[in-house]
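Across the two complexes that follow, chain A remains constant while its partner is chain B and subsequently chain C.
Here is the complex of A and B:
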């Protein structure tokens, strides 16, 4: 952590629910950038966060039908946690089209470079992709 | 029978064969044969505010989709079918980019100012500046800095050839291939979907996602600003995803 940065006092939770279409990804990008700036990320970390959340969202609805993305951003004192869940319009939890293997590999590679930790799990029957990015990694 | 009729029949036979076998080698051959059409049609859309490189890329994907979807039994020439598909891709590209060029002038000016200030602050502080510091130095709010960096970022498919205030574009600087990637086991960054990108964009993606350099380190290495690197990464990733979506993974 740099001397100039001020830690966020308490964890804050922001939730977004948007139609799963690429044209609306500017909303989670902007939100993530705002939260990251609030935590005290530098410009480069904010830019990496934008790339990461876009990748997370694209990965969440890739190959699926119409639905919504539920995005949760948790601002911790020194880190940002983001989780993304796809909710199909027809209520189905499983993707009808498994993700293209190469696209999945690309997601893995990008998130590995952009954030500190990431993964997938199941939340209330729906697949959830998440990442955690701490600030000041370069200072460590 | 004329020579052109012979060529046409030969080409049709290839498409019939591809329709029956979906042979990847034959697919590549058909795509390569018709990339000239992509360049020809892309040039028709030049001088409309989008770099020709990007247009050729979009048009090439149109050719690939055409090869995949063409049905030789319908009695339509491939060139006719492909031209329609490619033009559709190009028009969609312009429609999708429309919002980006309408960013308010104040936002465009702030973005340029942030780029300038970012470089100065990074040198002065010895680290990347915080958003708050950028806001203070430019006299803007943090929200405005966030908005400007989003509007000016590569999500609008910025090109390496786009001029910036701090450097003359970057194509020349980033054009050289970095060495040392040979041992990297990373399928996503060695496939046709990746190699179809301009070499300079492949290079910058490798530096970030394979070598693991930060944006600032890449900026120093290739002689452009960190914000320019950020813009290029976003734009190149979008193109890479588009290529993967077009089925160029094998």
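Here is the complex of A and C:
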């Protein structure tokens, strides 16, 4: 018997903590895609979410390091909230080698089109980027 | 090189076709940059990047392609992308790069 995917009734929290290295960013992508499918996002929305979390992690990481990326996915009945926080090993969130301006602009354009709301906060020792994406939104 | 991407080059006279398969992300984009840098350094008159078997592409990959396009234009070289996936085309449309690149659905 095939059971139709149903939206989750209550908020579920999934947390991931990984070393901030490019080779491991496929892990948040896989996780976000699974969670998005779990809460009933359609295929297009799942793919949008996969790209959005990649861009989110790039925005938080932004050439900083060494450190860890802590990714928090909150599955709501009709939406997904994601936050990615870079925590520097040496306590400094300053980026010695930030991405070029073009890459940062492309990230901003992609996030603006793929999710409903997003933002970035940089504080001493950490940088946090977040987004919220609802089911059934019309892409820009 | 990342295990998630394969990059091959095929030369036909002064033209070069670079075929990419798999995921181009922040981990694998440097390999693509290196390959395109090498191809463009050979003085080709035409460079085509076939992305039809690419399953994921992020801003890092777009940045590499824009860099290659700029370099190609500086040397009066033609730079073309082959894309047939609506998913990838959507990414180029979101960023406005569909009007910057010469994009075709096939090599023909």
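The rule we apply is simple: the second predicted complex is superposed on the first by the 124 of 140 C-alpha atoms of A that agree within 3 Å, B and C clash if a C-alpha of one lies under 4 Å from a C-alpha of the other, contacts with A are read in each partner's own complex, and residues count from 1 in each chain.
Rule of thumb we're sticking to: a contact is a pair of C-beta atoms (placed from the backbone, for glycine too) under 8 Å apart; a residue touches a chain by one contact, two chains touch by 3 or more.
This one's a predicted model, so the numbers in the text were calculated from it and none came from an experiment.
Student: Answer with clash or fit: chain B and chain C placed together on chain A by superposition.
Tutor: By the criteria stated at the top, chain C and chain B clash after superposition.
Student: Which chain makes contact with more of the residues of chain A, chain B or else chain C?
Tutor: So, of the two partners, B touches more residues of chain A.
Student: In the superposed arrangement, which partner chain does A:110 touch: chain B (first), chain C (second), both, or neither?
Tutor: A:110 contacts both chain B and chain C.
Student: After the superposition on A, what does A:16 contact: first (chain B), second (chain C), both or neither?
Tutor: The answer is neither, since A:16 touches no partner chain.
Student: Identify the partner contact of A:102: answer first if only chain B is touched, second if only chain C is, both if each is, neither if none is.
Tutor: Both chain B and chain C are touched by A:102.
Student: Which partner chains sit in contact with A:76 here, chain B, chain C, both or neither? Use first/second/both/neither.
Tutor: After superposing on A, A:76 lies clear of both chain B and chain C.
Student: Which holds for A:58: it touches chain B only (first), chain C only (second), both, or neither?
Tutor: both
Student: Classify the contacts of A:46 with the two partner chains as first (chain B alone), second (chain C alone), both, or neither.
Tutor: After superposition on chain A, A:46 lies in contact with chain B alone.
Student: Once the structures are superposed on A, label A:27 by its partner contacts, choosing first (chain B), second (chain C), both or neither.
Tutor: neither
Student: After superposing the two complexes, find the one stretch in chain B that runs into chain C, choosing from 6-14, 96-104 or 114-122.
Tutor: Only 96-104 shows clashing C-alpha atoms.
Student: Which chain A residues come up in both lists, the one for chain B and the one for chain C?
Tutor: Comparing the two interfaces on chain A, one with chain B and one with chain C, the shared residues are 23, 26, 29, 47, 50-51, 54-55, 58, 100, 102-103, 106, 109-110, 113, 139.
Student: Which of the residues in chain A end up touching chain C in this complex?
Tutor: Touching chain C from chain A are residues 22-23, 25-26, 29, 47, 50-51, 54-55, 58, 99-100, 102-103, 106-107, 109-110, 113-114, 139-140.
Student: Quick check: in the complex, which residue numbers of chain B touch chain A?
Tutor: The touching residues are 96, 118, 127-134, 142-143, 145-147, 149-150, 153, 155, 186-189, 191, 193, 208-210, 212, 214-216, 226-227, 230, 233-234, 237, 240-241, 244-245, 249.
Student: Given the complex with chain A, which residues does chain C contribute to the contact?
Tutor: 2, 4, 23, 25-27, 56, 58-60, 62-63, 66, 87, 90-91, 94-96
Student: Per the contact definition, I'd like the list of chain A residues that touch chain B in the complex.
Tutor: Touching chain B from chain A are residues 2, 4-5, 23, 26, 29-30, 33-34, 36-37, 40-48, 50-51, 54-55, 58, 100-103, 105-106, 109-110, 113, 138-139.
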